[in-house]
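The following blocks contain the structures, represented as structure tokens.
You will see two complexes here that share chain A, one where it goes with chain B and one where it goes with chain C.
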Partner chain A sequence: MSELLNIDDLHLEFHTYDGVVKVLAGVNLQMRRGDVLGLVGETGCGKSMTALSVPRLIPMPPGRITAGRVTFNGEDILSKRESEMEAFRARHVGMIFQDPVTNLNPLFTIREQLVDAVLYQQAQGKRVPGRWRGFTPSVRQLRKEAHERAVELMRLTGIPDGDKRIYDYPHQFSGGMRQRVLIAMALAGDPDLLIADEPTTALDVTIQAQILRLIRSLVAQLGLTVLLITHNLGVVARSCERVAVMYAGRVVEESPVRELFRNPKHPYTRGLIAAVPQKDVHRGGLEGIPGIIPNLINPPAGCRFNPRCEHVMGICRESVPPAIEVGAGHHAACFLYAEDA
Partner chain B sequence: MNHLLDVRDLAKYFPVRGGLLNRKTADFRAVDGVSFALQEGKTLGLVGESGSGKTTIGKCVLRLMEPSAGQILYDGGDITHLKQRDLRRLRSEIQMIYQAPAASLNGRMTVGQIIGEPLWIHESLKGDAARARVLELMNVVGLKDEHYYRYPHEFSGGQQQRIGIARALAVQPRLIVLDEPTSALDVSVQAQILNLLQDLQDQFDLTYLFISHDLGVVRYMCDEVALLYLGKIVEVAATEVIFESPKHPYTQALISAIPEPDPDLQREEIIIRGDLSHSFPQRGCPFAPRCHAEKLATCETVPPPLLEVKSAHQVACHLHPPMPRLEPA
Partner chain C sequence: MNIRFYILRRIALVIPTLIGLSILTFSIARIVPGDPVGLAAGPRATEEIKEAFRREFGLDQPLPIQYINYMTGLFRGDWGESLYTRRAVINDLRVYWPATLELTTAAVVIATVLGVPAGVISAMYRNRLPDHVARVLSLFFVSFPSFWLAMIFQTWFARDLGLFPIGKRLPVLVSPPAPTTGLFLIDSLVQLDLETFLISLRHLFIPALVLSFGAFASITRITRASMVEALEKDFVRMERAIGIPYRVIIFKYVLRNALIATITVISLNFGWLMAGAILIETIFDWPGLGLYAVEASLSLDFQPIMGIAILYGVVFSVVNILTDIVYGILDPRIRYG
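This part shows the complex of A and B:
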């Protein structure tokens, strides 16, 4: 299948009063159409920043992309003008976020917000015909069609009685239902790529299972490509085909999901998996990773995991490990697997 | 058996106000007749989704909230109606560790002051004696001496939680209520904190009331688990029993929804419909509208009592008849 997204050696910095934070330091990520890729990592590892660089939603300044390329469908994104970006976002990328409460306006009904989303995405960055122009027959027709599309989207995302509930306000929906509304909104423009940034973190575990099942069924029904950002390895194991593990601004391991859990290669990935309380781990058997994530103003030289790594070698402190193929479609950025090491 | 904490029919209602004069129109039953007992040195997990009343129970046990009904026995004595003066003594026996480490630490106090304050309040300890104790406590939870004069914002989430733990330990409590102590932390740090809590339990012979929504963490930490749904306990048993042979349909659904980091795991995924709603019909089983199991006529009409289906395994479900009582010979 054709390549949809290619992030190549992306470097991103943030300028702050304390210094320059090197948030991303050479991220490489490829996605093909129909992929469901999980991007895993702990707080501050740059997983959200990597995803936000695709629709170019990183605030600049203070952010600055210092090197690298992002290509989507063969188009270079970083060189686009802002006006072109609006059309691009409307047509190609849908996003859902962790907190469904803050992403819905409490003062408007779901109908107003969903219809706006549909119209905006149809207009592809041009002006949306507003309600104040709704008297002309053509605009009235447009809004009517958008309303029908909105109800259809609500049905697609599993909201019961969508034709009635569309007139409700966000506070009348539960957390899980709000997340479904946001998914409906993200799907309004038939996006090629759905970026889901911690979509189930704020939800209870039974609701989380519902939302993950919905995302899986949308992938099957619509052939959606999904970039799922999460810190929860269990969520990845359940819903993704491929996983990329990030640590301190770099992808340290990338692999098909089964391979990653059966045969993790990078010491960080191993530590991460061992830190999850699993079925057969009993009292005292859980292992954390010693130390804390590095300060990205002064990140350690070489491999950024080296201060916490138990296999650290001399070379780890000097140069950045390249992604080394350790299996079929399985890459680890670690000198342990370099042939001449 | 010696029960350090014995909670009987605990209830906490919040008034729902409305109407023209803002009069009380109804009761919101956050906790509705909960009973459990906790043995000294053990860990009991209180598990439930948001809104199930688990934090409210924790606060009632500490008397940070006044229970509406029921009884709380601590070490054999009734603490449900203790006066403020006696409560202070109780505070050195029962401590709490909170979910958001940053919000539970005073940002204008140094680490030394934060951990030293309970020593001053409860033991009138100050000066060098207090400082020595604080440093000792910091050492126990894995903080370094040079952290003494730092402020909470200079620490990562995991280290802030260590400060909170040291503060709770300062008064040498016997029972600690842990309210989601690791849900704000990353997994690698969560593992560190969970291990620290286990070590401290062994070292100081602590008893934990562990409140969490994360069944994986509960399985790792607890000896016994009580599952809550809408302010009622639906199932209680030893941890292995709960995870090996859950009886209540809600427990079964929750356990099947744990995201296990194992892509090969084959299991039947029970996805329950809808979500937690307090507007359930007052009659009948609170879980009935979402239940996936076979429905009996009584589910909609009679609230199921919490009954012993096996020894030390209680379930509140009409599908599981109680264990036949042995008649005394």
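This part shows the complex of A and C:
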């Protein structure tokens, strides 16, 4: 299958009063159509920024992309004009976020927001005949169809009584239902790629499971391509086919899911998997990775994990390790696996 | 809870407020130091004359009885009469009040129509040229005393350029439209008298514009601030991420969130302008309530003072109710909460 998304050597800086934060330092990520890729890492490792670079929603300033390319379907995203980006987002990308409470506009009914999502994603950046101008039979027909599509989307995302509840306001919905509404809005224009940025983090555990099940069933039904961002390895294990592990602004390991859990290669990934609490946690206590995540204003030279790594070598402090193939579709950015190291 | 019940509840809540206000102003008007009867009857009035005055105005009765008499009079349309002019207060209010209402409303409309877009543009182009222009302008307008600006405008536009009349609501030779509301603009429109409409519009324009400056500044600033705040909300990023055009996000989704604070400031301004219109009214020889109120309070003429206080209280309450209704329309959480 063809390559859908290619993030190539992306460098991103944030200018703050304390100095320049090197948030992303050469991120590489590829997705094919139909992929379900999990992007995991600790808070602040750059997962969300990597994801936001695709619809180009990183706030700039203070953010600045200093190097790298993002291509989608072969189109260079970073060189598009803002008006082209609006059309691009409408046509190709859907995105859902962490907190379903703050991500819906509290002053508008679900109908207003969902119908707009349908209309503007269909229009793909072109004008939509509004309610004020051109209230002709064709406009009325357009809006009626959009309404029907909205109800259909609510059914698809598992919201009961969508035809009635569509007239409700967000505060009349529970958290899980709101997240379903947001998924419906993201899917309104049949996007090529759904980016889910920590979609279950703000929800109860039982609701988390429901939302993940919904995303999985949508993948099966619609053949969606999904980039799922999470810090929860359990979510990755249940929902993804491939996984990329990020540490301090770089992808350190990328592999099929089963392979990663069975055979983690990068010392950071190993530490991460060892840190997942097991059933017998009361006997062994919690495992952790020694040290803390580096300050990205002044990151360590070479491999950014080197101060915390138990296998650290001289070269790790000097140069950045390239992604080395360590198995079928399995890459790790670590000098331990370099032939000549 | 539906919107009708919400509105009814708002109106019901106003009643105790108005009763409180009437008791308060009544007490203040009667307890202030100074002897209104002595002032009205003249320095050489004998004790008998003063006594007759007191009896005539019911001032010999105990205060609670006086209050009840006053309140029952209010509902019968008898708002008392002035100690000096002996005219009925209600008739004076009918003459002066519409002029002030017209001036204030026009000023609030101008300030809103200019201020809200200026605030929106400011927020959209935050820290860029349009923002700086709007902020400097609004700072400029709040910083100058309005009476000074009023005189400058009068000199430029009326005397030097001759574009607008110097003052008054209408020229002496033009007869005002038959009063239905007392607002010349509306009365002349109702009677399809376009000429009078345009003449009174020209008379209204400069005083209303000058009066609107302070309100323009505060409306611009609050709109900008609340737009900036609303633009930081998560749902803005979500709406952008799924491809809703930025202009739709701004003018449909963000603006409504920002307007709640703006509506508050607009209604507050309406009250301030009504009370503060006196300087402008004096400069432009505008026959409004301001001058009437000042004269009444300087001479302790308690019936007009009471009448004005009650009238302003009612107007404030009406504005408040309207504001609450607009809140309820804008924000469903207020309506249902």
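Criterion: the second predicted complex is superposed on the first by the 336 of 341 C-alpha atoms of A that agree within 3 Å, B and C clash if a C-alpha of one lies under 4 Å from a C-alpha of the other, contacts with A are read in each partner's own complex, and residues count from 1 in each chain.
Basically, contacts are C-beta pairs under 8 Å (C-beta built on N, C-alpha and C of every residue); 3 or more make two chains touch, one makes a residue touch a chain.
This is a predicted model, so every value here is computed, not measured.
Student: Contact-wise, after the overlay, does A:Leu222 reach chain B, chain C, both or neither (first, second, both, neither)?
Tutor: Once the two structures are laid over each other on A, A:Leu222 reaches no partner at all.
Student: Considering only touches as defined above, state whether A:Leu78 meets chain B (first), chain C (second), both or neither.
Tutor: neither
Student: Classify the contacts of A:Ala188 with the two partner chains as first (chain B alone), second (chain C alone), both, or neither.
Tutor: Once the two structures are laid over each other on A, A:Ala188 reaches chain C alone.
Student: So in the superposed three-chain picture, is A:Arg258 touching just chain B, just chain C, both, or none of them (first/second/both/neither)?
Tutor: First partner only, chain B.
Student: Could you look at A:Pro277 and tell me whether it touches chain B, chain C, both or neither (first, second, both, neither)?
Tutor: Touch status of A:Pro277: first partner only.
Student: Quick check on the superposed pair: does A:Asn105 touch chain B, chain C, both, or neither? Answer first, second, both or neither.
Tutor: After superposition on chain A, A:Asn105 lies in contact with chain C alone.
Student: Which residues of chain B touch chain A in their complex?
Tutor: Touch residues, chain B against chain A: 49-50, 156-159, 186-192, 194-195, 198, 213-217, 219-220, 243, 253-254, 256-265, 269, 271-272, 275-277.
Student: Provide the residue numbers of chain A that touch chain C in the complex, in ascending order.
Tutor: Counting only chain A, the residues touching chain C are 55, 57, 82, 86-91, 93-97, 99, 102-109, 116-117, 120-121, 124-125, 169, 171, 182, 185-186, 188-189, 195.
Student: Can you check the complex and tell me which residues of chain C touch chain A?
Tutor: Within the complex, chain C contacts chain A at residues 233-235, 237-246, 248, 252-253, 256-257, 330-333, 336.
Student: Residues of chain A touching chain B in their complex?
Tutor: Of all residues in chain A, those touching chain B are 42-43, 174-177, 204-210, 212-213, 231-238, 257-258, 261-262, 271-279, 281-284, 286-290, 292-293.
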